[in-house]
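Two complexes come next, and they have one chain in common, subunit A, joined by subunit B in the first and subunit C in the second.
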Partner chain A sequence: MLDTVFIGLSIGSILLLVALGLSIVYGSMGVINMAHGELVMMGAYTTVIAQTYLGFNLFAAIPLAFIVCAGLGLLIERLVIRRLYNRLFDTLLATWGVAILLQQAIRLEFGLSFFGIHIEGLGPGLQSVTLPEIMTESFTVGEFVIQPYRTFIILVSALLAVLTWFLMYRTRIGQQVRAIMRNPDMAAACGIDVKKVNALTFAYGAGLAGVAGVMMSGFKTVMPDMGSSLVVDGFLVVVVGGVGSLVGSIVASGILGQLNGVVAFFSNDIIARAVVFAAVIAIIIWRPRGLFNYKGR
Partner chain B sequence: MLTLQSVNSFYGGSHILHDIDFSLETGKILSVLGRNGVGKSTLLKTLMGLTSSMTGKLTLNEVELGEQTTFYRARSGMGYVPQGREIIPDFSVKENILMGRFADQSSKAEIPDIVPELFPYLMDNLDRAGGLLSGGQQQQLAIARAIATNPQVLLLDEPTEGIQPNIVEQIEDCILRLNKELNLTIILVEQNIRFAKRASDEFLILDNGRLVCQGSGNELTDDLANQYLTI
Partner chain C sequence: MMKLTYSHLKVVVYVVFIAIILSLPLFLDEFWLNRTAKYLIYGMLGVAISLSWGYAGILNLGQGLFFGAGAYMLGMSLKLASPTSLEQGGQTPIPDFMMWNAEPNAVVDLCCINHVSFLWMPFQSQSFGIFMAIALPVLIAWLIGTIIFRKGIAGVFISIITLAMVLLARLLVVDAQSFTGGFNGLTDLAWFKINGYEFDPYTVSTYYLVAISLVIVLLITRVLINSRAGLILQAIRDDQNRAKYLGFDAASYQTFFFCVSAAISGFAGMLYVITAEFASPTFMDLSFSIAIVIWAAVGGRASILGACIGAISISMLGASVSENELFVESWQAILGLFFVLVVLYMPKGLAGIAHGICRKLTVNRGEG
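And now, the complex of A and B:
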């Protein structure tokens, strides 16, 4: 049973990384980023490429994926989202378009018809990442089997959650982000460059998605549509936790991750997913603004 | 010197302010008067760049601000205390005040010296959530936040509205003190004619988004008030 809790924790940790970015971006910019899952996928592919062509191991791929996805996020914000502020449904559709574009770009091996760049071995085929040796061998503490890679995922997620908390609550940039979440007009009237802060926020959220992609690449097959369902899971966490609430995202990802892990242990993944959705529906009926509301939806 | 020339302001397709012209010398207090819904608050929002769009010319000390964004205007010396105060309820008093420092890029994130003198209560409650303060204390907080932007022009939108009477006088005194001690130019949207008469060097009256009357403070008579301000 402890193993199941441990698996649930690692699932929750991935969900947390995905949801943190979504939550901050929606909280401060009012943008439902449907391409967030594809940014996770890009993080996973960055790992594949870095391993195949640069000889990077998974550890070294983490900062690289963060930088690549943050850069990509900055580009998406500049080219698409900045032009659609305060138009919720337009941003939803536009980012969905970006999601499809990113998926197809990968399917086309960064496209013969795309930028004329061809990367061997990507393509529509399945990919996997080789874990560093230290991450592959389980060991036991008493009767408890420790899986190093899942432990690593939990630690990285915890570290990034703490870093995000520090940035949001102990730095001037975090104060600007929180002020924009609460009252963008007054934030601007106090001299905050809302567009610039939003761009950085979006890039940070995209960077976190990239790191989630690296983590996923270690135990899941890397493929172009791997992020599609993740964005839904991420939003479930955001809705349950409360938009813009860091604590809410942490608690909700823990609850949903554990629920998924425990139910899957006693039945199967399909029933586990149904139970998770039922739980989410029950929670939003009970608390429509989420468990820890920071900003109303 | 603040100057507006042929300023028009819009919310989406709605034309709210029509051809507003006036100028205000540094260190003067201007009261903006008029019935509800004539565009007084919109005038302040226009000055801050918070309406959808504006046309015309807006300059502060010969720097053109009409084309600039809100944050740039704040950094150029426009401080704003909105109607309803709009402090951030879950920020502490200190965080709310320090929000203003983002407009003053040249100095450290510290509370300006005049704030403890004007608002000792706020200094004794720096860690308290802004949302837990009374209406009058929140108004003090909103003014402190605007002072922290290190403004040259302070825009005050009905600063005594909804405040208990014994606090109203304190806020009025504080506004006058800011004008005298910091030589702050102040534009005051006010329904309270008594305070407008007491404070104003100049006044202007709006009706249906147009400037219909303006003059020096001592020309603000009861007859004018009856003509333009009574319902």
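And now, the complex of A and C:
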């Protein structure tokens, strides 16, 4: 049973990793970023490339992926998102377009494949990342088998959740973000540079997606369309947790992760996913604003 | 001479469109007619999306659920009528995949070859399949609609719920291998029959079945949105509270049009099975549902005909371009880029531009 709980916890922590960035971006900017899954994918490819060309291991790839994806996020914000504030549905559609573009950029090796140039690590094929040795050998504490990589993922997502909490509630910029969440016009009137803060928020969310990508690359095959199902999962977590609520996202990812783990233990993975979807639909119908709704919007 | 007004021009556009699709058999061979029929069916999905998104303000990211439901319902009937099911040696026709998945000592009869196969029994009648192809999507839409609209669940959450619904349905269909054919879907289907006449998918008659259906759907939708109910629906879209305070039961109107949109999608799914001769869980892929939305957005979500033409032309362009090896992958990228640009710079889609031109051409600045 303890094993099942542990597996549920690690599924939940991956959900949280993906959902954190989405939650911040949606909560503060009202932007539905359908390209979030593709940013995760970019993070995973950053790991592959860093490993192939720079000899970086997984740990060293984490800050690199954060920087790469945050930069990409800034670019997307500047070119697309900034023009679509207050057009919620349109952000959903436009970022879906961005998602397709990012996927194809990897598949076509940024267009170079047309000229017969191929970059190892990109392209439509599957890639994989080798884990550092200390992450592969499981060890036992008492009767309990600990898989170091799963534990590492749980730790990283806990750390990122704490870091995000700290940024949001203990720093000046976090205060500004929360002010914008409540009322962007009033925040602007108080002298907050809404555009700049939003750009930074989006970049931070994208950076978190990048870190999630590094973590994913450690236990999943890296391929161009790995992101599209992730964004759905992330969204379910955000919606169940309540928009803009950090605690909500954490609790929701915990619940959904456990549900997935437990049901998968008793039946199979497909049924588990189906149960999770059904639970999400039920929760939205029961509490349309999510479990922990952030009042005052 | 009578002056050309805006609404006249609109009628002209409709007439031209209908004339074009009805005259295509003069120019195309059977292979191309079959393909074009599929694009017209996508056009019908464009109409359904435009009705729910453009006119009711409900962005349904799970249109594929209704399309798939319609496709599977008629598909089940056509599967039972297919030679591969009739030749299994039982008293009743039995789909081949049920035989493959059967227990070694199972009774070879549709009633009890596995514990859910009896649900297939009524589908031996094709009329029942047709009825269910419309009824099931409407029933699902009615259930979703009554719950979400009564609960006052707004905007994006409806999109997320419908999206989760379609993914849930896809998982269940793939998982219930012995009942639905699983990942392979329903293949080797019989031809659709009316009064003993068989609709061979590669003939003019099947093309006309689809084309005339599209024309009828277009006209019915036009009548609906210009009716009193349609105008109230648009009022609700623009300001829900105001419409409620004026005494309109917003939820009923929204549910009704959501059901109409589902019925159109189910009908489209049914026609697709007749034309393409298969039903597959890919109809319920997220990417297909979003593709429908993209077609409608590019064509113009607020215009029934615009969304329809958008769906037809993009899917047609996509299919022809994908045949060129160089473009298979880059077409997706071009589509993505094009789509971002449309959302950024032409929020009303191509129809928005066409409307603008029409207005300049005509004297009467009447209703849009």
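FYI, the second predicted complex is superposed on the first by the 287 of 297 C-alpha atoms of A that agree within 3 Å, B and C clash if a C-alpha of one lies under 4 Å from a C-alpha of the other, contacts with A are read in each partner's own complex, and residues count from 1 in each chain.
Just so it is clear, a contact is a pair of C-beta atoms (placed from the backbone, for glycine too) under 8 Å apart; a residue touches a chain by one contact, two chains touch by 3 or more.
This one's a predicted model, so the numbers in the text were calculated from it and none came from an experiment.
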First, second, both or neither for A:Gln176, with subunit B first and subunit C second: first
Which of subunit B and subunit C A:Arg150 touches, first, second, both or neither: neither
Larger contact residue set on subunit A - subunit B or subunit C: C
Partner chain(s) touched by A:His36 [first = subunit B, second = subunit C, both, neither]: neither
Doubly contacted subunit A residues - partners subunit C and subunit B: none
Subunit C contact footprint on subunit A (complex, rising order): 32, 80, 83-84, 87-90, 92-94, 96-101, 103-105, 107-108, 114, 124, 228-229, 232, 235-236, 239, 268, 270-271, 273-274, 277-278, 280-281, 284-285, 288
Subunit B to subunit A touching residues, read off their complex: 48-50, 69-71, 74-75, 80, 82, 86, 88, 90-91, 95, 98-105, 109, 145, 149
Touching residues (chain side subunit C, partner subunit A) in the complex: 59, 147-148, 151-157, 159-161, 163-165, 167-168, 171-172, 174-175, 286-287, 290, 293-294, 297, 326, 329-330, 332-333, 335-340, 343-344, 347
Interfacial residue positions of subunit A with respect to subunit B in the complex: 172, 175-176, 178-179, 182-183, 185-194, 294
